[in-house]
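Structures follow.
Across the two complexes that follow, subunit A remains constant while its partner is subunit B and subsequently subunit C.
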Partner chain A sequence: MEYYEEPNARVALGLRRPEPGDWYHGYPEYHVERDDDKCIRCLVCVRQCPYDCTFYDPYRHGVYNVHENCVNCRRCEFMCPTSAIRMTKWGAGFRDNDNWKQKTIRTVYKQADSGAVSLTGLGNDREYVSYFDRMVIDASQVTNPSIDPLREPMELRAYIGKKPERHTNPPEVYPNLKAELPVIFAPMSFGAISFNFQRGLAMAAKEAGTYFNTGEGGLHPDLRQYGDHAIVQIASGRFGVSLDYLSNAAACEIKIGQGAKPGIGGHLPGEKVTWDVSRTRMIPEGSDALSPAPQHDIYSIEDLRLLIYGLKEATEYTRPVSVKIAAVHNVAAIASGIVRAGADIVVVDGFRGGTGAAPAVIRDHVGIPVEVALAQVDQRLREEGIRHQASLIAAGGIRSSADVIKGLALGADAFYIGTAAMVAVGCTACQQCHRGRCSWGITTNRPDLAPRLQPEVAAERLTNLLHGWAHEIKEMLGMMGLNSIESLRGNRLKLRGVGMTQVELDTLGIQQAGL
Partner chain B sequence: MPSMRGNRHFIRRPHQEKDISACGIIGFINRDGTRVSGDAIIRSIANMHDRGNGLGGGFAAYGIYPEHADAYALHIMYDDERAIAETEALIRNTLETEHAETIPVHPNGTVTEYPEFRRYFCHAPDVEERDADEYMVRLVMRINAKIEGAYVVSSGRNMGAFKGVGFPEDLAEFFCLQEYEAYLWTAHNRFPTNTPGWWGGAHPFTLLDWSIVHNGEISSYGINRRYLESFGYACTLMTDTEVVAYIFDLLVRRHGLSFEQAATVMAPPFWQDIDRMPPDEAAEATALRQTYASAALNGPFAFLFGYNGGLIGLNDRVKLRPLVVAERGDTVYMASEESAIRVVSPDLDTLFYPVAGQPVIARLYSETAEKTSVAHGGTVHGN
Partner chain C sequence: MATEPTLAPAVMEPVVISAAGLSYRHLNEQVRSAIRSGATEITLNDVMGHRYIGTGIHAPGVTIHVNGVPGEDLGAFLDGPHIIVHNNAQDGVGNTMNEGRIEIHGQAGDVVGYGMRGGRILIRGDVGYRVGIHMKGYRDKQPLIVTGGCAGNFYGEYMAGGCQVLLGIGQSDKKPVVGQYCASGMHGGVMYIRGELDGWKLGKEVQQIPLDRHDREFLKPVLEDFCETFAVKEKLLEFDRFVRIAPVSARPYGRLYVY
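Up next is the complex of A and B:
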């Protein structure tokens, strides 16, 4: 198997610095501590490590590590049957310096080694302020009774799409998504994630009465049966787009941008374009799948309108059309334009959103938090009297049911969860998605790694997550004296801010705690 | 005007936060249109004395101005001479006034300090009937929002609201309500947890001939208010009741919904119940819920909605506030407590507790085709 290369002789002898000029790997970040008394030489760790970090030396009958290759994915630690392995940080690191932190220095080494863009996966990991964590929620005391969701009905159903401004007889009806809870699986393409994971997402979405999003990688023929629960993306590469793809889905989504990498495209390397990926994306096997930075037929808002109505025509006005943008500085005006261009759903993806691969400099420094973007978009659409024309989905940085509650109160109709869904199936947030050798079988299609995640297991864990969140959302609604999410949506009186400036409070449209 | 000495303000709102209050409510309508004095409603609301704390009470009465039946009757309360001058100048410039006078008051009991009350019987000049209502609504909003120290208590035809700070029975005496005759009376006894001395915050809250007395707390207030603001309503009073009135106005007057549909919007059926409805009914309920999701009232409430043609009672959809309805002859009573009805009408034909979220609509006979009972569902008792 090509993936099980024997370590080269230098490494096998325990000589470090495998390549001259590789300063990045010269300083290990993590240390794989192995208790030799506990180790039974079962070699699970050796077989599980996809990062060439663990090897067995038959001459010494021992298991050894190339620590500088360790990414702290914790797969070996998790799998070790005798708990002999423990991950620790390597030594003291560099001299203490709040400005030149280890990560900063190592990134410079890496670039000086390679002359390349520093790539990464997952979402922005920097210490920006989290507005979610600075908002607190209201509860009923005396003047109105809190409601016990175990005894009383509690409604989480969300209709997502355009609504009429006023009731008529007979009523105007627009196609809407009907989600039994306002949480939808975020766009993650087959190719970026494993087929098994996408299948697990589809199964869980069907089970929980919500939706998954294909991302830009097309819909695999085996997932066609989940079309009623699929939101299909039309991105700049137009991978996998056909009439069947559009009309077999619950909704179509035009991807303009992604919170983790606003303004740039994507690149799925040819070696990841396997036969299965190739037929799903409708590109030749082994060819690079390049997503241009813009959609080359959308250079302005009127072009967007053409594509929106092109999709509506193609689906005979039976599906809502969504437009997904990254949260950037003038997001409110952009969202307003998108609604006026005819979108039924606007997805605003904040800068904490994840990615299969992005330049670290962009992931970490571009875009704005989804909380403020959401608050501003909702307010702008209301001021313009067009809030009913589109639903608002917040994405990028939703970690818990508390974030969902707070986002609802700020004005979102529903939420995308991507990273949370990955963590639910085993992701340890090691940020190696771009390397295509995810040790948990989530962001890889390597035939030795992908089967590590089984769709049934993924589906069960994802369903559990949604179930748990739904319970928590119901408890929090009941605690506020509400029994339906539509009475929380945009109800900013239910939020208060702690530790924010007045400008921040005003931007979010909430009051200081205590007032 | 002894009330206006010193620096006391009755109309400026003392606090910025949402007003929270609990209450007792009672209303009755003589469906044949017979007018009766305020005596019965006063005895009814006084019977629920302990549901208030002396910080607010009020009444709405329909049919009290037969001599000016076609004119909009503006009841306005004032803090000072400047507000009077400013408001009267505005009225002179915008309306044709048929008659104007001070509302007679009689200080007593808990009501010793009070603002000035005046009423004006006016016509909107040179505008169509339907537009006249819109014209009046805008004028009322302008006075309330722009003229400090002036507050429009009511503005409908052949009706009036009387409200203030004090126990309702004292306010009734203060406003000499025994001397008015109406076919529809509603009353309110307030238990606010803040805003002492705020006369405008008392119920009923009105818009044209619509009046609302309300017991409850609207937990969805935040979104209801933002929704209404997108239709141009300025929610200046920070009371739950204000949004109820504006939602009625939006749904019924501006969007042309029936009162039944408006009730479906405000206290929507649960999805689990909609899913079991016949397809037509389910489609309509789904459309109403989708379209007016932000107008749904969530939280405990019972309110009485009065208009020239009838009286409507509505509970929240899980019935977290009391509401009882009774009929005796041509009279329909709706109240927080049965005792408030029995005290004025010991023998009743029917008495029932309305089903959560289902409106009870008692129209004047002149407004309906048949003289049918208003009873539905709930527990029906003969007596």
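Up next is the complex of A and C:
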């Protein structure tokens, strides 16, 4: 196991050169600059760095770095009591070349070193166009007065699930999730994330009146009490899925795909399957937890229907059933099939969504942006007259309340936030989640690292984030002269595009700014 | 919602329900309400492809007899009951089953016992593709599937725990005991296969091992249970005809990735 390895002898000796054949580490990317005058040799940075990068040399009575191991997680910089540390880029890098960038070259080195699949974490980090950033929001002027959210009621509550087609007396009622704001924590499994972080998510979900999602890793016995605020996932590996798991939760979600890695499955390496993870997933300690992409009992929409109704039967039709897919080509047709199969909620996860671990080549090149997927799915379901049969949750790349407002106008009922929730509790987007030694205690269960995040602190910060967004959403609704998110849903007239082609505007179903 | 187990009265007449003309949803509602009112013996007659029989029922000590052919997902998420099918069954028997016992006095379709984590499934005849895939075992919860006949492709794929026994009764040159890609991706648990097994059909993650004393001790009661349940007279206890298949490593893909 990685954690129990002897400290790297090279690090202990402070030798810079990596082992022969390790070209990837031959060129440092970052430089840990330490102001020796300011440094008081407290060794905080030595203890805080989980990446074998910082060491103390008693002979020189100084603190030094093996720079090529540094991933720029900024933990040492954050913790240093005297602000002696400053991260910089290492030198000039390779000769300027827009085609062969540093990252491209280094990835080739890494694979030539190892012959393996290059793994990474978090979300797509490439420069694709962001449609969120090319949409602007309308506001009321003169003829349509805006509303002051501080003095007038604003409705942010989202009912998520199937709605009746028309009003009847008595009304038809279907099981719905009731979220006090249309923001839900994205699926992140215990194992991929630390217990403390998941507990923080659960506490914040309860506090803010929304939901967290267990991911495909089961529900820890200590979190059972948050069942009313839990959406539980059923994926191909069926980890931790039992009758109690299903019936104790607010909703069940069938995971078909993930935006960060459409078409490939989950794989929690054996070293992350600790005692606690093992009992939550109900598998032996130290064994690989394989969750391959295909659920081998689902080869068609009819098979999907079988599982959807199986879950409904198991929960006696008291819970909405959700189906989560990655945003890919033809997503609208797929979503239509899912709704017709009986799903109450469809989650569309865009290609900017995060992951605990994925091959870099897939994270960076597969899938489509959630903005276009969302617009197309909403449009298609409306055209087919089945939009009321399911709610639509957009995921993958929601960074702010502005994205929420824009997504609402494109037709979403609610949103999943994953990376934003991690950043709220300290994540610096260093993309090392797959290595299981997150220096902020978020995506690790290593006993020395996981306690760095305390559940109460996480819960408070997450609740703050949701409150902040809720206020902003109210402000933006008021500024548009609306008093509920219902009035904004699918209201694309409130959006305009800047710097897009006509095809892009048409795909999103919005008009050019100025018109 | 889980059906709460109620204390059964001392004597309760067996409940007989006719499924004729009922949708699966209504049939299953009737089964649940019978269990709630304390029935421990339920017989379902005229079953014609009704899905989800016994699905999501938490009721140890209840026996459900199924006369006719049940539909898909028989006993999915099953938690306790004993289901006896006096006929063939379709796909998805015992999907993600947790506890209980299912007996099929005929053949069963594809994906029997998907992600099963406890209890026992006994099948008299043949089974289809992908039987016992993703089976999990944890501590004292070790699921078991015994198949009397032969199995299709991907038998025990991704198996992570528990045990499968394949007896191959009725196998011949034209009908091999198991299809291709047997045990591919298997990384836990064990399977015992009786009869001729071509090595090339096995996934590369597993190895064949002759039985030892421990295996024989484990298999003996299992085989006796099978013979008794289905009144099988064939001598199954010739252990030299069995081979044990177990994974080489609990971490089949440990060296595939670079950080």
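Going forward, the second predicted complex is superposed on the first by the 501 of 515 C-alpha atoms of A that agree within 3 Å, B and C clash if a C-alpha of one lies under 4 Å from a C-alpha of the other, contacts with A are read in each partner's own complex, and residues count from 1 in each chain.
In this text, a contact is a pair of C-beta atoms (placed from the backbone, for glycine too) under 8 Å apart; a residue touches a chain by one contact, two chains touch by 3 or more.
Everything quoted here is computed from the prediction, not taken from an experiment.
Participant: Touching A:Tyr159, do we find subunit B (first), subunit C (second), both, or neither?
Facilitator: A:Tyr159 contacts subunit B only, not subunit C.
Participant: Once the shared chain is lined up, is A:Arg387 touching subunit B (first), subunit C (second), both, or neither of them?
Facilitator: It touches subunit B, and subunit C stays clear.
Participant: Considering the complex alone, what residue numbers of subunit A touch subunit B?
Facilitator: Of all residues in subunit A, those touching subunit B are 140, 143-145, 147, 152-153, 155, 157, 159, 163-167, 171-173, 176, 382-383, 385, 387-388, 409, 480-484, 486-494, 515.
Participant: Would you pull the subunit C residues touching subunit A in the complex into a rising list?
Facilitator: Where subunit C meets subunit A, its residues are 1-2, 25, 28, 32, 51-52, 55-56, 58, 72-73, 76-77, 79, 91-92, 95-96, 98, 110-111, 114-115, 117, 130, 133-134, 136-138, 141, 154, 157-158, 160-161, 185, 187-188, 250-259.
Participant: Looking at the complex, which residues from subunit A come into contact with subunit C?
Facilitator: These residues of subunit A touch subunit C: 110-111, 113-114, 116-119, 234, 236-239, 241-244, 246-247, 267, 269-270, 278-279, 282-284, 286-288, 290, 292, 296-297, 306, 309-310, 313-316, 318, 357, 359, 432, 434-435.
Participant: Quick one: in the complex, what on subunit B touches subunit A?
Facilitator: 16-18, 20-22, 193, 216-217, 219-223, 226-227, 229-231, 255, 257, 261, 268, 270-272, 283-284, 287-294, 296-300, 317-318, 320
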